[in-house]
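After this come two complexes, each holding chain A, first together with chain B and then together with chain C.
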Partner chain A sequence: MSEAIVEQVKKYLTGSIPITPISQGAEAVVFTTEVHPYLPKADNQPSTKYIIKYRPPKQYRHPTIDKTLTKHRTLSESRILSKLSSLPGLNVPKLIACDVYNGCIWLEFLGENLPNGAGFSNLKNFLWMNSSDPYNKTVESTLFKVGEQIGLLHWNDYCHGDLTTSNVVLVRDGESWAPHLIDFGLGSSSTLVEDKGVDLYVLERAIVSTHSSFAEKYNKWIIEGFSSVYQSKGKKGNQKLKDVINRFQDVRLRGRKRSMIG
Partner chain B sequence: MVNLNSVPPKHGRNFYLALGLEGSANKLGVGVVKHPVLAHHADSDLSHDCHAQILSNIRDTYITPPGEGFLPRDTARHHRNWVVRLARRALDAAGLRDPSELDVICFTRGPGMGAPLHSVAVFARTLSLLWRVPLVPVNHCVGHIEMGREITKAENPVVLYVSGGNTQVIAYSENRYRIFGETLDIAIGNCLDRFARTLRIPNEPSPGYNIEQLAKNAPHKDSLVELPYTVKGMDLSMSGILGYVDGLAKDLFSQNTKNKILFDPQTGEQKVTVEDLCYSLQENLFAMLVEITERAMAHVASNQVLIVGGVGCNVRLQEMMASMCRDRSNGQVHATDERFCIDNGVMIAQAGLLQYRMGNVVKDLAETVVTQKFRTDEVYVAWRD
Partner chain C sequence: MLVTSLPQFHEYSIYVYLFCDVKNSAELRGKVAELPFALIDASAICSREQLFSAIYKTILENTYNRIRTKSLNSECILSLSPTSNIGEAFRRFGINEHSSNIVCLAIVPKSDAFDSNLALKVVDGEELDFSDENLATRFKIDVIKKVCY
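Let's look at the complex of A and B:
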């Protein structure tokens, strides 16, 4: 990560909020902190981690464009997150605060480190960790639950826009894992079957490209979980499920892109 | 490992010679390229460093009057009229007395406008039969990529291919140039050309270049005219922006003082000039391009960008790309000048020669039928690992 950006964020947050950088995407940089933006820190309590997602101003674009975009995107991501967290059964990080003009949002920190140095508990690392026993019960039930989460999201007419295995975080729930969807930077509210088909296809590609030898079964379990949500909604659900799955297969055949004309 | 020396050069020489013929749009290009045979190319992944020598690079552009675009029929006629003369000049400039010395003749198979492509393909077939030289059909986009790689020596860059007919962000993976993002409707060059037509500015040397010059002199660079910003994930859409900015230009010419963006509602004073519109259009479009390129770079974890295609010689675009790369660790931008950015015959010869050296030649003339639709990822890239 570029030093200049880290300095910028530190200046914006002032010295009273210590931050640790964790990743840089194309659009935003992500940090963790132990300071809550507005609640006082309770004494004797174990410290809680929070996520700060910051969209740095882009030097290459005109300041007017940059301001409008940063505001628009931060706002739309915050709105989606707050709407999604009110949907029963759907797991997304809680939105704590947002400053749309400076492109900064605070989120609940999710996940933990996997045992034996297998890394952070996202779906990608989890599947790697289980590659010696790829088809065990925990993997099957976790992937089924991932499918359920996506099913719930789509049933409520929202799309993620960038479903990859690193954008699914697993939170320990007793013996099992509860998948949470994160990063709604490209998320949208959409009733289009096309967007849902593309979401499923992008996730399938992500699994095929990183866990290719087990991908077939993994994807089958995810689709089973996905279908179970729609099937529980009666006749209408079955009809909609058929539409989404058919479109998903179409998208797979053409490889996301339409053939270009002209 | 790839063996680029699997097909030996003609007559036991120690170099390859290729003629490239390009005519997919309004530029007709003929070029001759020479590749020395290098021992380390027998087992390597060095297709970006062939030590290519450009013996000649001749181009002629079909230019239409201001306010008019080029039509397929007229462009094809231009190509038919000039291709023999250009080929003569290219061979003379390359010092090639006997054209049957050529190892291979390469021509553009697509994508592009049907009629111009076809007229150049007919010429290529004729030469091939006349001189008994094998033919190689080349994908125009792959031609741009390979030329850019050879000139800049960028080994594995994310490629931004921006021209009059194409707008794509491409990265290489498993023997294909895969398209990560692209335009959903019109290409960026098309958008600029059509705006130039609305403004009735000259098409000489190129409409995009004239827009760039106008934009440099914009008097109100601080107050940008806001235009739609239409990035959709990794893709972008430009027809809406063109429609919007066209409308503004028409209001400006007709002095429609009701338009509050262009005229002060109280005094009726003009706030925006034609130069400002050009500036705003460029800033907006290029910001979109740089953004999707950055997405692709983050996605494939690459830090090099290569800009190819006619719009790639725009200095402002190169500046913006460089600025984006400075914010990424070790970011580098590679771009070429107008000789190689704008469509030319050399790039077709370069990509075609790589194909030829991997043993890919036309065996039956039926394979030389041109196609208007020919996606970059349809080509099997045998010359890379």
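Let's look at the complex of A and C:
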């Protein structure tokens, strides 16, 4: 990770907030910290972690435009998260703080390290971890619940925009796992079936490309979970489900065609 | 009384007091403009987190010169509100003549003098710890629903 960016963030946060870098993407750098941005210390359990997501200034953009864009994107991600948090049943990280002037948001840290060095508990690592017994009950129920999360998101007319297997984080819930959706940097409020079809397609591709031998069943379970949300909404739900699934299939065909040509 | 500061903004001291059975809220209501703190109706505050997220927002906005009211303390009342309507924020979160549970809040730059006993002198009520437990038994769910949605 770029030293310069880490130094910027450290300076901005002051010495009272030690940070550990965990990921650098094109858009944002992600850190963890054990210091809550505003809760009095007594409320802050020592082992609690928080996520700080920072959008660094881009040197190649005009400074004023850069500031406006950063502010816009930080605000948009925060607004979406806060709206999604209020939807019953939908699991997303809780928004803790938002500094649009510096492109920083603080989130609840989700997930844990999987046993035996299998990595962080996102869907991707979880599926890898289970590849010796790929169709076990836990895998099936977890993928069904992943589908339910996406179903809930879409039913409420929100789209994720970058639905990869790393952007689904599994949180332990007793013996089972509760999938949470993270990274709404490209998220939007949308009534378009196209956006929903693309979300489903992107996730399907992610699963096909990393877990190809098992992808067919995996995707089937996800779609079953997805469908169950719509089916619970009566006649209107069934109609909307048909529309989304049809478009998903169109997108898939189109995607195939594209890759054949390209 | 809780005295604290935010990790990112050590240059401000934060004083928070919680009072119950307040007898002189009508009188206090008339003096809000002169008192060096925000007087908040505790029936609209359900947790420390709720108040402190507003304090964070206030100090942040102040740091970037985006304050919309005339003091840090009044800005905090605005920051509590989901809308940006100042009058509405004061109606919803500020005290009224009948408030019996009151949160008294002061955000003070460390360079400024502040009499931390003033609140105890002017509020005629019983002081309690500003704790989640004490807030939880006093906030009114109907008020919260009305102010936060």
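We take it that the second predicted complex is superposed on the first by the 251 of 262 C-alpha atoms of A that agree within 3 Å, B and C clash if a C-alpha of one lies under 4 Å from a C-alpha of the other, contacts with A are read in each partner's own complex, and residues count from 1 in each chain.
Keep this in mind: a residue touches a chain if its C-beta (ideal position, glycine included) is under 8 Å from a C-beta of that chain, and two chains touch if they have at least 3 such contacts.
Source: prediction; values computed, not measured.
S.K.: Once chain A from each complex is brought into register, does chain C clash with chain B or fit beside it?
M.R.: fit
S.K.: Given the touch rule stated above, what does A:L186 touch, chain B (first), chain C (second), both, or neither?
M.R.: first
S.K.: A:K94 contacts which: chain B (first), chain C (second), both, neither?
M.R.: It touches nothing on chain B or chain C.
S.K.: Counting touched residues of chain A, say whether chain B or chain C comes out ahead.
M.R.: Comparing touch counts on chain A for chain B and chain C gives B.
S.K.: Using the superposed model, determine the angle chain B, chain A, chain C defined by their C-alpha centres, to the nearest 10 degrees.
M.R.: Roughly 120 degrees separate the directions to chain B and chain C.
S.K.: Looking at the overlay, does A:Q59 come into contact with chain B only (first), chain C only (second), both, or neither?
M.R.: Touch partner of A:Q59: chain B, not chain C.
S.K.: Could you look at A:T68 and tell me whether it touches chain B, chain C, both or neither (first, second, both, neither)?
M.R.: After superposing on A, A:T68 lies in contact with chain B but is clear of chain C.
S.K.: Report for A:A4: first if it touches chain B alone, second if chain C alone, otherwise both or neither.
M.R.: After superposition on chain A, A:A4 lies in contact with chain B alone.
S.K.: A:R254 in the overlay: touching chain B, chain C, both, or neither? Say first, second, both or neither.
M.R.: neither
S.K.: First (chain B), second (chain C), both or neither: which does A:G25 touch?
M.R.: In the superposed model, A:G25 contacts chain B only, not chain C.
S.K.: Determine the nearest approach in Å between the Cα atoms of chain B and those of chain C after overlaying the two structures.
M.R.: It is 21 Å, taken between the nearest C-alpha atoms.
S.K.: Kindly list the residues of chain A that each of chain B and chain C touches, one partner per complex.
M.R.: none
S.K.: Spell out the part of chain A that touches chain C in their complex, as residue ranges.
M.R.: 13-14, 16-17, 35-41, 43, 96-97, 99, 101
S.K.: Sort out for me which residues of chain B touch chain A in the complex.
M.R.: Contact set of chain B toward chain A: 111, 179, 182, 223-224, 226, 229, 233, 283-284, 287, 290-291, 294-295, 297-299, 319-321, 323-324, 326-329, 373, 375.
S.K.: Can you list the residues on chain A that touch chain B in the complex?
M.R.: Those in contact with chain B are residues 1-2, 4-5, 24-27, 56, 58-62, 64-65, 68-69, 161-162, 186, 257, 259-261.
S.K.: If we count contacts the way the header does, which residues on chain C are in touch with chain A in the complex?
M.R.: Contact set of chain C toward chain A: 2, 4, 6-8, 10, 48-49, 52-53, 55-57, 60, 64, 132.
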